[in-house]
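Take a look at these structures.
You will see subunit A twice below: alongside subunit B first, and alongside subunit C after that.
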Partner chain A sequence: MEKFKKYIKELFESGEIEGFLGIRKNGLHPVPHLFTPEHPEELETLTIPDVRYPMTEILLTIVRKYPDKKLGIMVRGCDERALNELVKNQKILPELIKHIGIACSADLAASCRCAQPYPEEIHYGEKVAPVEDRSDIEAIDTMPQEERFDYWMSEFSKCIKCYGCRNICSMCFCDQCTLEDNDLIATGQAPPAIPIFHLIRAFHMAGRCIDCGLCEEACPAHIPLRTLYRKVRESMSGFLGYVSGTEGGEKDPLEFLGSEGYMVPSKIDEK
Partner chain B sequence: MTNSVPEFEDADCILITGSNTTSSHPLIASRIMKAKEKGAKIIVVDPRKMHIASLADIYVAQNLGSDVAWINGLMRIILQEGWENASFIKERTEGFEELKKAVAEYTPEKVEEITGIPKETLKEIAKIYATSEKSSIVYCMGITQHATGTDNVKSLANLAMLTGQIGRPSTGVNPLRGQNNVQGSTDLAAIPNVYPGYQPVTDDAIREKFEKAWGVPLSPDPGLTVVEMINAVEEGKLKGLFVLGENPLVSDPDSNHVEKALDAIDFLVVQDIFMTETARKADVVLPGASFAEKDGTYTGTDRRLQKIRKAVEPPDEAKADWDVLCRVGKAVGGKGFEFASPEEVFREIAEVMPIYHGITYDRIEKEIIHWPCRSEDDPGSPYLHKDGFAKGKGHFTPIGYKPPVELPDKEYPYQLTTGRLPFHYHTGTMTRVSPSLTHEVNEAFIEVHPTNAFEIGVKNSQVVRLTSRRGSVNAKVIITNDVKKGVVFMPFHFAEAAANRLTIAALDPIAKIPEYKVCAVNIEKIEESEA
Partner chain C sequence: MEYRTVLTTCTYCGTGCGLLLEVMDGEVVGVLPAKTHPINEGKLCIKGWNAHEFIYADGRLTKPLVRKGDTLEEASWDEALETIANKFAEIKKTNGPDSLGCFSSAKCTNEENYLLQKIFRAAIGTNNVDHCARL
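Presenting the complex of A and B:
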C-alpha cells in the first residue's frame, strides 16, 4: 500500500496527473475522493477496500467540470471496460485519463461473478482467475416461455422508480433520458409502466452494458437487472459480434441510429 | 419497533396495515420482498390498494377507521379455533379473561358489517398470522392517525401477545417511523410528558435527577403537544413558538385554524434547511445544516444508532441544529450549553438516559447497537421483550370499536383519507426543491372511485372542488379502483392545495395525534369558466 501511495505521489510530482480519483478512509468508512497535488498529505487516508463504487460515473461528473485536467483514476476490470466504452462514445479523452489498475481479490471476483476481475495493467493486487458463470441466464432460458414472461412481469412490478439503476450506471451518459419522457412513460407512477420502463433501459444497455452489476446491487427492489442486461449483452455479441467494454475499434453497432434514435419522433411529440 | 429491520427477511408472515411501505419505507419494503422470496406470506390490510398491496398474498380493504373491529374479529377467530399461544398467555401476560370477554361480541358477521372485510378473508388472515412460526406486524400512520390511534396500536399489541408473536426474532409489533431521526428525537424527549429516555416529568425522583444534571429547577407538569400549542395560541395562553425542522402550517390538521394562530402569535422562530410556508410567517428564520453538512448520530426506526459524518460545509450562515440551540441557550443566559462538539452532547445524553447509557461514539463506529444498551458490555437489543415486558407482565387491554369522529352525511357525503406519494416527503420542504422529483408529480390530485366520478360527473384530470366543514381546496381527479366507493384519497404534500385545509383536528385522548385519516367532504365539479 505504501508503494502504491508513493506511486501516486510521484505521478503528482512529475505532473503526469493533476488529480487522482481514489478512495479514502473517513473513520472506518471508505468513500470516493479526488486526491490532488495541493494536498499530498491526504494520500495517507488512501485505501483499497473490497467494496466497489461507481468510479467512472463519478469521473464523468469531474470531467464535465474540469474537461482539460489530466486525471488518474483507480480502475478495476469493470471500471476499465466502462472507460473503454466512454472513450468510444467521446465522453472522455483517453490522453487525459490515466488508468491506475487494481486487481480484485478472489472474494470480490467471486461475489461479482466477474469474467475479468483485473484491468490490463495492474498497480496493486494479484490477478485472480476469471469467474465464468451463466447460471442466472440459463435458469431463465430454460423456463417455458409463459413462465418466463410472468417471471419478468412480476419482477418489474416490484420497481419503485427510484432510478437507482440508471443513476449508478456509468453507461447512462445521455444528456436527456428517455425514461423521463412523459409521452413514453407516465410520470408520477410507481411501479413505472410495465414492462416498457425496463425494456427501454434494457434496449439502451445493448451495446453499452459492461456487466459490472452495480445496477443490481443498487436496486432496493432486488430486480435481477444484471441478468436481463447480461442476456442483452450476449445477444449483441452473438448477433452483431459486438462486445462492449473492449478497447478501441468501432462503436456500438446500434449507434447508427444516432443520438436521436433514442428520442421520441417529433410527430408523436406534437400530439 | 420491537424488532430490528433486518429481521423482516426471516419472518414467515408479515401483516402490513396502514403502511404504504414501498412508497414511504422502500428499504423496509425491500426486506419484506426478500422474505416473500423465501416463502413468507405477505398480508396487507389497507383502505387503499397501494403498490405493496399488489405484491401481497392477501390484500383486503377495510372501511376507514374500522381497525379495532377487524383486529378484535381476528382475535375472536383465533380463540375459537384454538390458535392462541396458551403458554405465552399464562406466563407472560395478564388481563386475558377481560380481553376474551371484550372480543366475544366481534363475530365475523358483525366485523364484516363494520369493516367490509369478508369473513372468509378474516379467517384466512387469522390462520396465517397465528399459526406461522414467526409473524411480524408492520404498521404506520394509517393505524395511528386516528382519534382512536392509541386503541388501534393497543389492539395490535393484544393480537401479538395473544399469539405469542412477540419477544422473538422476526416477530413483534413494528411501527415504521417516518423521518430518519424521528425515533432519535422521540428518545430525546421531543414530546411533552417525558425527559430524555422516556423518564416521566411527573416522577419526583427523575425530576430531581435532571434538576441536578442541568442545574435548574424544572416543572412537574407535562407540556403541550403540537395541536394543543396551536389551540393555546388562540386562547392567548401561548405567546411565542420555536419551530425546528417542521412545517405545521401545511402538516397540521385544519390548516386554516393553524394559519390564524400563527398570524396571531407574538413571536415565531423557525429553524429549517429550506424556506417553508411556516417560515414565511416567522419573525426570525434560522438556517439549519442538512444531514450532509454536520456530524452526529441518527437513531433509526429500529432503535439503532448510526453516526453521520460531515461531507461538505453548510452553505452561508447555516449551522448544525445543536450549535444553533446552544447559541440561543447562551444568549438567553442559560447554563450548560458549553458543548464543543456533538460528541460532547452525546456524552451527556448517555449519562442521563439509561437506555443509551452503554453507547459511545467509539462503539457505534464499530458495532451495530440498538437501544436499550445499558452498559459498556451490553451488546444492545435488536429485539425487545425477550424475557419480559417493561412492566413485567404484558397487559391485555379490552377495547371496543368506536367509529370515526366525523362520518359522511348528506352535506358531506364522501370520506377523505390522506397520505403520501413515493416522490415526495411530507410537506415537500425537501422534495419539492428537487427537479427530478417535481418532474414526476408537482400538483395535488384526488383518487376517486369510478362510480363516484360518474355521480359527480367528472372525467380523469378534470379539476374539482373539495369542501369540508373547515375549508376548501381544488384538485385534479384521478379515477381509479384503488379506492373504495365513497372514499377519496388525497396526498398532503402540496401547500397550494393542502389536504390539511380539509382534515379534522379531532385528537386521540392519550397520544393527542390528530385524525388525519378520516373526515367528511363534499366534491363538486368546477365549470370550465371557473377553472
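Presenting the complex of A and C:
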C-alpha cells in the first residue's frame, strides 16, 4: 500500500496527473475522493477496500466541470470496461485519463461473479481467476415462457421507482433520459408501469452494459436487474457480435446509422 | 479542483439511511448511497437519491420569519424565539397547557425529538406531542 501511495505521489510530482480519483477512509467507511497534488497528505487515508463505488460515473461529474484536466482514476476490471465505452461515446478523452489498475481480491471477484476481475495494467493487487457463472441466466432460460414472464412481472412489481439503477450506472450518460420523458413514462407517479419501465432500461443497456452489477447492488427491491442486462448483453454478442466494454474502435452496432456513421452522443464539452 | 464526499444521514424520514453528499468546489452536486452503511447497505429510495436538491432551492428558508400583521418578515433568532416564548406563555396562561401541542419530525435527530417532547411535557405541561410520520 505504501508503494502504491508513493506511486500516486510521484504521478502528482511529475505533473502526469492533476488529480487521482480513488477511495479514502472516512472513519469506518471507505468513500470516493479526489486526491490532489495540493493535499498530498490526504494520500495517507487512501484505501482499496472490497467495496465498489461508481468511479467512472463520478469521473464524468468531474470531467464535465474540468474537461481539460489530466486525471488518474482507480480502475478495476469493470471500471476499465466502462472507461472503454465512455471513450467510444466521446465522453472522455483517453489521453487525459490515466488508468491506475487494481486487481480485485478473490472474495470480491466471487461475490461479483466477475468474468474479468482485473484491468489491463495492474498497479495494486494480484490477478485472480475470472469467475464464469451464468447460472442465473440458465435458471431463467430453462423456465417455460409463461412462467418466465410471470417471474419477471413479479420481480418488476417490487420496484419503488427510485431510479437507483439508472443513477448509479456509469453507462447512463445520456443528456436526456427516456425514463424521465413524460410522453413515455408517467413521471411523478409510483409504482412505475410494468414491464415497460424496466424493459426500456433493458433495451438501452443493450450495447452499453458492461456487467458491473452496481445496479443490482443499488436496488432496494432486490430485483435481479443484472441477470436481465446480462441476458441482453449476451444477445448483443450472440446476434450482433458486439461485446460492450472492449477496447478499440468498434462501436455499439445499435448506434450505427448506415452511411451517415454512428449516432454517438454529444461530446462532453458540447453539453 | 475539489471533489469530496460528506458522509451523512438522509433527512427525509426516520429510517436513517447513510448517504454521501458529493461536493465539488464547495457546492453539493449529488448524492451517492453509502455502501457500507448498516441501515441501507448501499441502497436509497428516490427521496434519498435527491436529498441534496433542496439545499439551493429558491424557496428554502434560511432565516426565521415572524408574522407582522399580514406579512412574514425576516427576523433574528433571538427575536423569533422571544416571540414564540411570549406567545406560548400568553396562550398557556389564558387557555391552559393543553391548548398547546407540538409536531416533531422524522427529519430531526433522535436527540432533537427527545428535547421537543421534553420541553412540551416538562416546561409547558401537556402530552399533546405528535410527529410528521403519522401524516
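In this section, the second predicted complex is superposed on the first by the 256 of 271 C-alpha atoms of A that agree within 3 Å, B and C clash if a C-alpha of one lies under 4 Å from a C-alpha of the other, contacts with A are read in each partner's own complex, and residues count from 1 in each chain.
Keep this in mind: contacts are C-beta pairs under 8 Å (C-beta built on N, C-alpha and C of every residue); 3 or more make two chains touch, one makes a residue touch a chain.
Just so we're clear, the structure is a prediction, and the values are computed from it rather than from any experiment.
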| item | value |
| --- | --- |
| Fit or clash - subunit C, subunit B, common subunit A | clash |
| First (subunit B), second (subunit C), both or neither touched by A:I58 | second |
| Contacts of A:Y163 with subunit B and subunit C, given as first, second, both or neither | both |
| Contacts of A:P191 with subunit B and subunit C, given as first, second, both or neither | first |
| Partner chain(s) touched by A:L28 [first = subunit B, second = subunit C, both, neither] | both |
| Between subunit B and subunit C, more extensive residue contact with subunit A | C |
| Touched partner set for A:T36, first subunit B, second subunit C, both or neither | second |
| Which superposed partner A:P220 touches (first subunit B, second subunit C, both, neither) | both |
| Contacts of A:E18 with subunit B and subunit C, given as first, second, both or neither | second |
| Touching both subunit B and subunit C, residues of subunit A | 26-29, 31, 160-163, 190, 220 |
| List of subunit A residues in touch with subunit B within their complex | 26-29, 31, 157-158, 160-163, 180, 187-188, 190-191, 220-222 |
| Subunit A partner contacts - residues on subunit B that touch it in the complex | 22-23, 26-27, 29-30, 33-34, 37, 51, 54-55, 307, 309, 311, 365-366, 421-423, 436, 439-441 |
| Contact set on subunit A toward subunit C in their complex | 18-19, 21, 26-34, 36, 51-54, 58, 61-62, 65-66, 69, 160-164, 167-168, 190, 217-220 |
| Contact footprint of subunit A on subunit C as seen in their complex | 1-5, 7, 18, 20, 22, 24-25, 29-30, 32-37, 40, 42-46, 48-49 |
